[in-house]
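Pasting a structure below so you can have a look.
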Amino acid sequence: MSIGIGLIGTGWIGEQHVHRLADKVAGAQVVAVADIDPESAGKVAASVGARVIDTAERLIADPEVEAVVVTSWGPAHAEQVLACIAAGKPVFCEKPLITEIADGLRILKAEQAAGRRLVQVGFMRRYDAGYRQMKRVLDAGEIGEPLMAHCVHRNPNVREAYTTEMAAKDTAVHEVDAMRWLLGEEFTSVQTILPRKTAKRFPHLQDPQIFLFETASGARVDVEAFVNCQYGYDIQCEIVGEEGAVRLPDPAAPAVRKAAKASVEVLQEFGDRFADAFDVELQEWVDRLLGGQEPSGPSSWDGFAATVVVDAAVRSLHSGEIVPIELPERPEFYA
Amino acid sequence: MSIGIGLIGTGWIGEQHVHRLADKVAGAQVVAVADIDPESAGKVAASVGARVIDTAERLIADPEVEAVVVTSWGPAHAEQVLACIAAGKPVFCEKPLITEIADGLRILKAEQAAGRRLVQVGFMRRYDAGYRQMKRVLDAGEIGEPLMAHCVHRNPNVREAYTTEMAAKDTAVHEVDAMRWLLGEEFTSVQTILPRKTAKRFPHLQDPQIFLFETASGARVDVEAFVNCQYGYDIQCEIVGEEGAVRLPDPAAPAVRKAAKASVEVLQEFGDRFADAFDVELQEWVDRLLGGQEPSGPSSWDGFAATVVVDAAVRSLHSGEIVPIELPERPEFYA
Amino acid sequence: MSIGIGLIGTGWIGEQHVHRLADKVAGAQVVAVADIDPESAGKVAASVGARVIDTAERLIADPEVEAVVVTSWGPAHAEQVLACIAAGKPVFCEKPLITEIADGLRILKAEQAAGRRLVQVGFMRRYDAGYRQMKRVLDAGEIGEPLMAHCVHRNPNVREAYTTEMAAKDTAVHEVDAMRWLLGEEFTSVQTILPRKTAKRFPHLQDPQIFLFETASGARVDVEAFVNCQYGYDIQCEIVGEEGAVRLPDPAAPAVRKAAKASVEVLQEFGDRFADAFDVELQEWVDRLLGGQEPSGPSSWDGFAATVVVDAAVRSLHSGEIVPIELPERPEFYA
Amino acid sequence: MSIGIGLIGTGWIGEQHVHRLADKVAGAQVVAVADIDPESAGKVAASVGARVIDTAERLIADPEVEAVVVTSWGPAHAEQVLACIAAGKPVFCEKPLITEIADGLRILKAEQAAGRRLVQVGFMRRYDAGYRQMKRVLDAGEIGEPLMAHCVHRNPNVREAYTTEMAAKDTAVHEVDAMRWLLGEEFTSVQTILPRKTAKRFPHLQDPQIFLFETASGARVDVEAFVNCQYGYDIQCEIVGEEGAVRLPDPAAPAVRKAAKASVEVLQEFGDRFADAFDVELQEWVDRLLGGQEPSGPSSWDGFAATVVVDAAVRSLHSGEIVPIELPERPEFYA
């Protein structure tokens, strides 16, 4: 038994997902791909024996396509997701779900009107083994009520096109979702702090940045985003509760003792760091669909809330002020 | 595209593999199962929509069965593997491949006569991420020529049916295979050492035991097998070379600071410790078959050699002497 | 050869220092003690064969007293230190050097007038092996220019007399000194952030608190002070530079694997955590004096600057605003 | 109050101890030194203001010398220790106490005749914080009855004069003492195992070696001695009991993340690894003497037993056989 999947957008992550679905995910069959670049679409389609469909609209409408994966560029996501909802087809949308708040409201409304959850957003950290273990520790009450979280998100470097705003929108957004999920509450304010800039990268870029969030319960979450740290892709997280603290493990790696050092390798690519998380994410999505169930992963609401939060962080970046995060009340539908 | 698999033996590991193949391995379809207990076979078959076939022989012969997984009890493995070879069907056989040396010689002969590798043996550690990272470190020459390996294999406890001989045959056999693979050479002698027995378990059982192996190059491998260590399932390994040392990582787990301790959980089950390894093992086996390739995992030779080694360890257990390991020359076929 | 030391204030830390000087520090002899409580002074004096002198003034003036250790209560420090300077005697003063900024200016002026460094302030972390190793890493340029520091200061709990202002004045002041020393620059602003309070302790107390400092170069230092964390006395610190990051080690402790956990003990007392640092601090102070050298440890300037910084943190606590830190220019004398 | 110490033998360790006693140990005063090389004695004496005495005998007899430290070359130890016993003066003797078994018996007899413990042997590991923590864990019963110990003793390299026999006599002897102390029982047999030799060092030397000891209770202790491991001075130890296991901590060191590695430094010198242990060892010895107590450290019996054990290890090295360790019954005096 397998489900026919159509994928829109055959860029880097799209191609990764196509091969993941074809080679690693049980019960998935990529039946069609679409891309604004027909050559890219053709190459990727050929590699897994799928058809090329010339537009996203036609792909969504195609009868063989039972579920859709959206990996196009961000600004196109909202319309494609809305088209999937209109077609009544489950859609897995890479982050960001939306680039405009108004689009988020339309998606929330449409999905509620459809009467069932059709949308899952690609926040893969919820599927990382380490984060899941932290979640179990928290949910078991082992560290008591959470009071603070300290997060670090470092990349070895970024390409020149990376802008100062992307530290919130592309980078810290992962911590925003992970912390909302782990803490089980919404963020209410944000302050963006600008440390001394690294001289190791493009002058246009303010890097690193620190985001200081407050949550509805008053817990504080700080996130260091440092995307030209040189040494590796490094994700750290400690949550401090009333009775204890829990820390995200580093990836397991053999310790080598040599030349006066005991060392472990630090990964360089987020794709390596979260390879298993991506696999599990899509496998669980497919498993839910095959089981006739609604998706259980990050929802439209989560995608919407994350964008509201990072938009506020960008406003704080520009104003230097603490910026309140104004989120409408969460609909019961997304409880 | 998928391959039709028949599985023989629906005990614990068989049932695990059926669900692994059905739910996690892309490109595999369990089409048939057989077991000496028809009820067990029926239940497992029903859970994945496979047929029950009443005997191993008929299952192997079934035209829908393109490849076979053998998870029956150990003494039955050799005949079932030989039947697969005779039928020209690829077979994945759980360890042990053989319980009698003579059977191993028959399998090696039959497979060579068949002219291509048909057999893979279920030494799953070669698919564990940590061991694979160690292998890369060794093969890159990072620690120079290996001189010693220190291994630890601990279980929290074993059932009463576990016998003193099983420390070599069922427990240390995993280290035997892993070290043969990591070091790339054969073992030439073994000495079994009997420390003071733990009082925490059955009086009939000599536990722990230490196995001291020598390899063809003179490297020394010591393996502590302690199957009632109480605290957890714990696999440790350090390889020491002329220029450095490398250590198998513990599984990644979040550190919790609480009540005057900083602690990480120690797993209790080998099935949890090597869950990913089992998945990768079967996925890679299926991928090779789908790609029309011979299996690349542990071969008949590896299964045969491991049994020769642990048989010698058992002789040393009884004699108290250093026992030479007499292995015929490895056929070119298995180079 | 040994130096005669008089100690003022035989409370907890005073008694500790008396025994440290008597039993562990080579070249020191405690010749006299004074305390406002004659009984306490008498008991401590008797334990090491020292004389009791009835007032601090007379102790400082006593001809046998070649150097003074001030461990009286904080508000008395400034006058006692000034008296030592007036007497031309080296003085080791426990933190805080001052409780009023004006006193600091008087001490700086008096010491400069004396023409040589007479004062050392008891910021013992500069003598902790881990911090010293970090300092070597930083000074060797291994991580490049520092951009951020993340500090954590946790106590298992505090007594009821501990006030909200003490989080800055008594607790984070240690990080203030350690970071000024490690980074080699002054702090220029501070923001005190008040997370959700722990319910595990006195309602009057805002605990935890986060202090966010900026330095002259624009580096950012965040300090979590959480003095009722329940689980232990836990000091963490990571400094992030342009090319790498360095982290303060936890105290070495044997890992115990037992009952499904691998755990190390977390210390409960700052006295245990920094026992060696206290010893080294006083030994090096005595060694300098015996060698006829000025003290090389934290200076009057360091004691003054730390108080200016934590005073600003308290103002931020009350105002909720970012508070600039206005420090006069550092005299050449303290370069 | 201080004790006048005379030191015999101003080689490397002697000079270290002189400065340790002069600069770091409270209550000790080096009053005299002797060495067969008068120039060496003169230089060391001058550095701490001690007298040179021309022979060991005269130094021991000198009325200012209240206690003796023996750091001469090994074969001279026994006579000098015997002379101290005859003079009724406490003596701290660096290892080895003896190089001939017969000398050990004479020392044991003489000390018992003297009626009180006068001799302490310089096995400094008993004063290392990590080993002491392990001892507390063991003595508290946390891991239950010990069944096995796995020890590793690695040096980066040794000079050409180091012989194959020294792996037991000079290197593994530290583990012999540490394990006798930790386990609280004697060793009963030893087997020396010769792995493939490293090619990184002198051809005359069999390096590494593994020593496999049995204790009176049947526990097994394996010791890897690898003195040209290239990468550092590395001491590891795990003790495995019926209910858990405990591992000696590595020295605390800051982790540096840089250039795709997270690394900590590995020390290169045993003098650095055990610097604190040496300090504590002499401080506690001096404290006992100042307190009018017999020494509490490793006794003549411990020094004797260690030599008996490593002599047997050397015999096993030559014979290739398991060699029984024949130790007379321990006199009550040393209980």
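Chains here go by letter, A, B, C and D, matching the order in which they are written, and residues are numbered from 1 within each.
We adopt the following convention: a contact is a pair of C-beta atoms (placed from the backbone, for glycine too) under 8 Å apart; a residue touches a chain by one contact, two chains touch by 3 or more.
Just so you know, these numbers come straight off a predicted model, no measurement behind them.
Taking the CA centroid of chain C as reference, the farthest chain centroid is that of B.
Between the chain pairs C-D and A-D, more C-beta pairs are in contact across C-D. Distance between chain A and chain D, defined via averaged C-alpha coordinates, is recorded as 57 Å. Between chain A and chain C the centroid-to-centroid distance comes to 44 Å (mean Cα coordinates, whole Å). Note on chain placement: the centre of chain C and the centre of chain D lie 37 Å apart, centres being C-alpha means. Looking at chain B, residues 230-231, 243-245, 250, 257-259, 264 sit in touch with two or more other chains.
Within the complex formed with chain C, the chain A residues making contact are 144-145, 147-148, 150, 152, 193, 195-200, 208, 210, 212, 217-220, 222, 224, 226, 229-231, 240, 242-245. For chain C in complex with chain D, the residues that touch the partner chain are 1, 22-28, 49, 129-130, 133-134, 137, 142-143, 243-259, 264, 276, 283, 287. By the touch criterion stated above, chain C contacts chain B in their complex at residues 230-232, 234, 250, 257-266, 268.
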